[in-house]
Amino acid sequence: MTDILQVRGLRAWISGQQVVEDVSFDVPERGVTAILGRNGVGKTSTLRAIMGLISRRGEVRLGDERIDGLLTHRIARRGVGYVPEDREVFAGLTVAENLALAERDRSPRRELVAELFPDLTARMAQRAGTLSGGQQQMVSLARALLNENRVLLVDEPTKGLAPKVVDDVAAALERAAQTVPIVLVEQNLQVVRRLAEQAVVIAAGRVVHTGATADILDDADLTRRLLGVHAEQGAGA
Amino acid sequence: MTRTSRSTFVPVIVGIAVVVVLAILPLLNVSIPGVLPGPTYTPGTLALLSLCMVYAALALSYNMLLGTAGLLSFGHALSFGAGAYGLGIVLQSLQMPLWPSVLIAVLGGLVIAVVTGAVSLRVSGIPFAMVTLAFAQAASVLVRRNAQITGGEEGLSLPTAHVPDGLVGVVNTRNLYWFALVVVVMAYLIALWIDRSRLGHVAGAARENELRVRVLGLSPYRAKLVVFVAAAVAASLAGIAYLLLQSGTQPHAVSADLTITILVMVVLGGVGFRWGAVVGGVVYTLLDQRLTVLARSDAIAGLPDVLRIPLSEPLFLLGVLFIIVVMFLPGGIAGTADALVRRRRARRAPVSFVEADRADDVAEQDVRV
Amino acid sequence: MSTVVLALLTGVGLGALYFLVSSGLSLIYGLMHVLNFAHGAFLSLSAFIGWEVARRLDAANWGGFVLSILVGAVVGALFAALTELALIRPLYERHIEQVLVTVGLSFAAIALFNGIWGTDPVYIAGPAWLDATTSVLGAKVPNVYWLLIVVAAIVLGLMVLFLRRTRYGIIIRAGVENRAMVTALGIDVRRSFTLVFAIGGAAAGIGGVLAAQWAGYVSSGLGQTLLIFAFIVTIIGGLGSLPGAAIASVLVAVLQQFANFFLAGTGDFIVVVLLAVVLLIRPSGLLGRAAI
């Protein structure tokens, strides 16, 4: 299987402060690759660096093409979907407007979105700022699924959500993963185990371990050392 | 930032040499045609050079705010006007001798700065710029309104009753020149003190990363306030020199236009560099004067309107120059020169990198302590 | 009583003028984080050219006058768009430099206008109706204020329609909230920047032509004076908020007029005090950051 995304020697800075020291990993063109690590190690920054939202150096390839020097909107147009931490829906816009903004292709996959997120279809005219956390997460995911993306970067989609909603989000991601490869940053290890075949572990801005998710999470010592939690817990902050 | 002992002395010696040369200039017969209107002993040239020094002092004071502390103020003219109008009003109403009046004017400028600074620094960034603008606007309105005290739109002329004869009149332009030289040296020393002091370092660190400074237990607010007040005092001194030199002052001295002019000078010269501020103030004043003369010349008058009109407005040319500098040479004169020197130094022996690293470490320690 | 009515109505009218100038500033800052110092120059140029057009046709004629307003809008929009393309866009993401470049532009533009039209105010005339007054509850309100109110209301309505109903409007509203996320959706916000500048310039241009009627003259200083008030209004209303700019415009202007009428002409001073007070209590302004 070829890789859809190849990251080599990625370094990144926020306001002059280096937040990613040296990250390298590959994302296969099918399935879910998880990025794991404690709080503050640079997982979110890695995704933001790939999206070009923060200063970065290093090599990032999408398929055959290098995207590390492009402006963010060009990277997105090349087929990189982004579901940020904290959702970042536009609170002052309605659900419909949020989704309309995201439509890039000539034939957006509205039926897929309607099927995956029936709750949203009923709330099209509602201001996104008044939605619950879970509903906002659905909007954020829907935005990325409307277009035929080549890879999705998803950052802590279950953060702060109730268990039932976490389940819904995980199910939606499972469905999505059937059509597009996903890079998933997630603290909830149960969700990680359910969705991701392989994982990349980051500590202090560097990759310290890669391997099959099951292998990592089944090794209690490894899990505790790298992630600072017990494998049975891991419901994230 | 410390350097090796050799390089600490060189700038000091250069500085003293420059001041000495400037001091004896009125006694010499130096002509720079095209730049100076006449030889350096003539009142006309001395007046121009004095004005250059007044604006250099003002630019230095603004550089303390923008360069050292990262404070973009749109109300700096307030301090300048406080000095100019302050001295004029004190001389007019209190009828005291010059030097005590100067002291009172400086103190007045200081008090105003403490009050406005304490209020303005409660916010930062754009809101800070707007509050400072607001205060200066209020002052501008007060000045224009209270014509009995300030002379209103006509301006205030220097009440000469208690000014020593040696500082009044065209004949004594030389003495005013030396007064202006003293003022610019004082402004420079104040700027130097601020830059070298712990407070200056704290303010500078806060400019980069306010949170880190607070976490270290230092108070960015207090440091910024001290820099703000020091800058205001320097500006008030410049205002005082201005009043004496021009034998009067106008509402323009407290206007937003003047603050913008100062901003142009500092950016042209190079934000963050003391000598850049001086160069910026001098170059701007000379260019303004020269371009005005050029504008009235026959050569320009003969041109077709399309060329004549822009060329006869010095401020237009200066504005365009400013735009070009901001877009292509954001470091200004001093910044560009500094970058060139650094690039040349970098190509020499790695020894200089070690020195540079050590210098950076020492600077870091200053902030940490 | 009639003085109160007069102060109130002229306040609303003046607020209408402030809105025309500040609406653009607010949107530009909200979307681009640029404090556009050249906005006053857009206003002044539009006022001058609008007057030149009116002069050549027939200043007292309503047709000529309306045309001069339209010309003012076009001139303002063009000047603003060119500014954005030539000076602001090359400095993408360098906000301090962008502000400085607008400062430089205002500096150069004012000097150029002085060179072309001179520094003395040029007294102008418009349709005769504008010089007359209308009586309302005993107050004689100069008609120019009614014109200001009507035009500003139309402009506000058009802006709201644009922001709510068009794709660019949605992009701009989203961009004011979270510009980075808009780019992450694959949208090139830079085109919206030019558009926002153009819209702001058009509104300022209309404001310029009307301001000339209100003041009775055109001069390069006209733009600068109004710009300072526009800044104050924008900050008070909340940078990036169109309703904030509208509310703050009226609030500030009414307060100013009342102070002028009843507190011995201290209107300017009161406005400045209000700004300081708002900034210290609520630095983000009345309505904070949301375009609509």
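Some points to look at:
Chains here go by letter, A, B and C, matching the order in which they are written, and residues are numbered from 1 within each.
Simple rule for what comes next: contacts are C-beta pairs under 8 Å (C-beta built on N, C-alpha and C of every residue); 3 or more make two chains touch, one makes a residue touch a chain.
None of the values given here were measured: they were computed from a predicted structure.
Any chain touching chain A that also touches chain B appears here: C. Closest chain to the protein centre (all Cα atoms averaged), using per-chain Cα means: C.
Rounded to a whole number, the gap between the C-alpha centres of chain A and chain B is 52 angstrom. Chain A and chain C have centres, each the mean of its CA atoms, that are 43 Å apart. Per-chain Cα centroids separate chain B from chain C by 32 Å. In chain C, there is no position where the chain touches two or more neighbouring chains simultaneously.
Residue ranges of chain C in contact with chain A, taken from their complex: 167, 170-171, 173-174, 177-178, 180-189, 290-292.
Those residues of chain C lying in contact with chain B across their complex are 29, 35, 37, 87, 90-91, 96-97, 100-101, 103-112, 114-116, 224, 228, 231-232, 235, 239, 265, 268-269, 272-273, 275-276, 279-280, 283. Taken together, the chain A residues at the contact with chain C in this complex read 51, 53, 71-73, 76-77, 82, 84, 88, 90-93, 97-98, 100-102, 104, 143, 147. Against chain C, the residues of chain B that register as touching in their complex are 72, 119, 122-123, 126-127, 129-131, 133-135, 137-138, 141-142, 145, 256-257, 260, 263-264, 267, 309-310, 312-320, 322-323, 326-327, 330.
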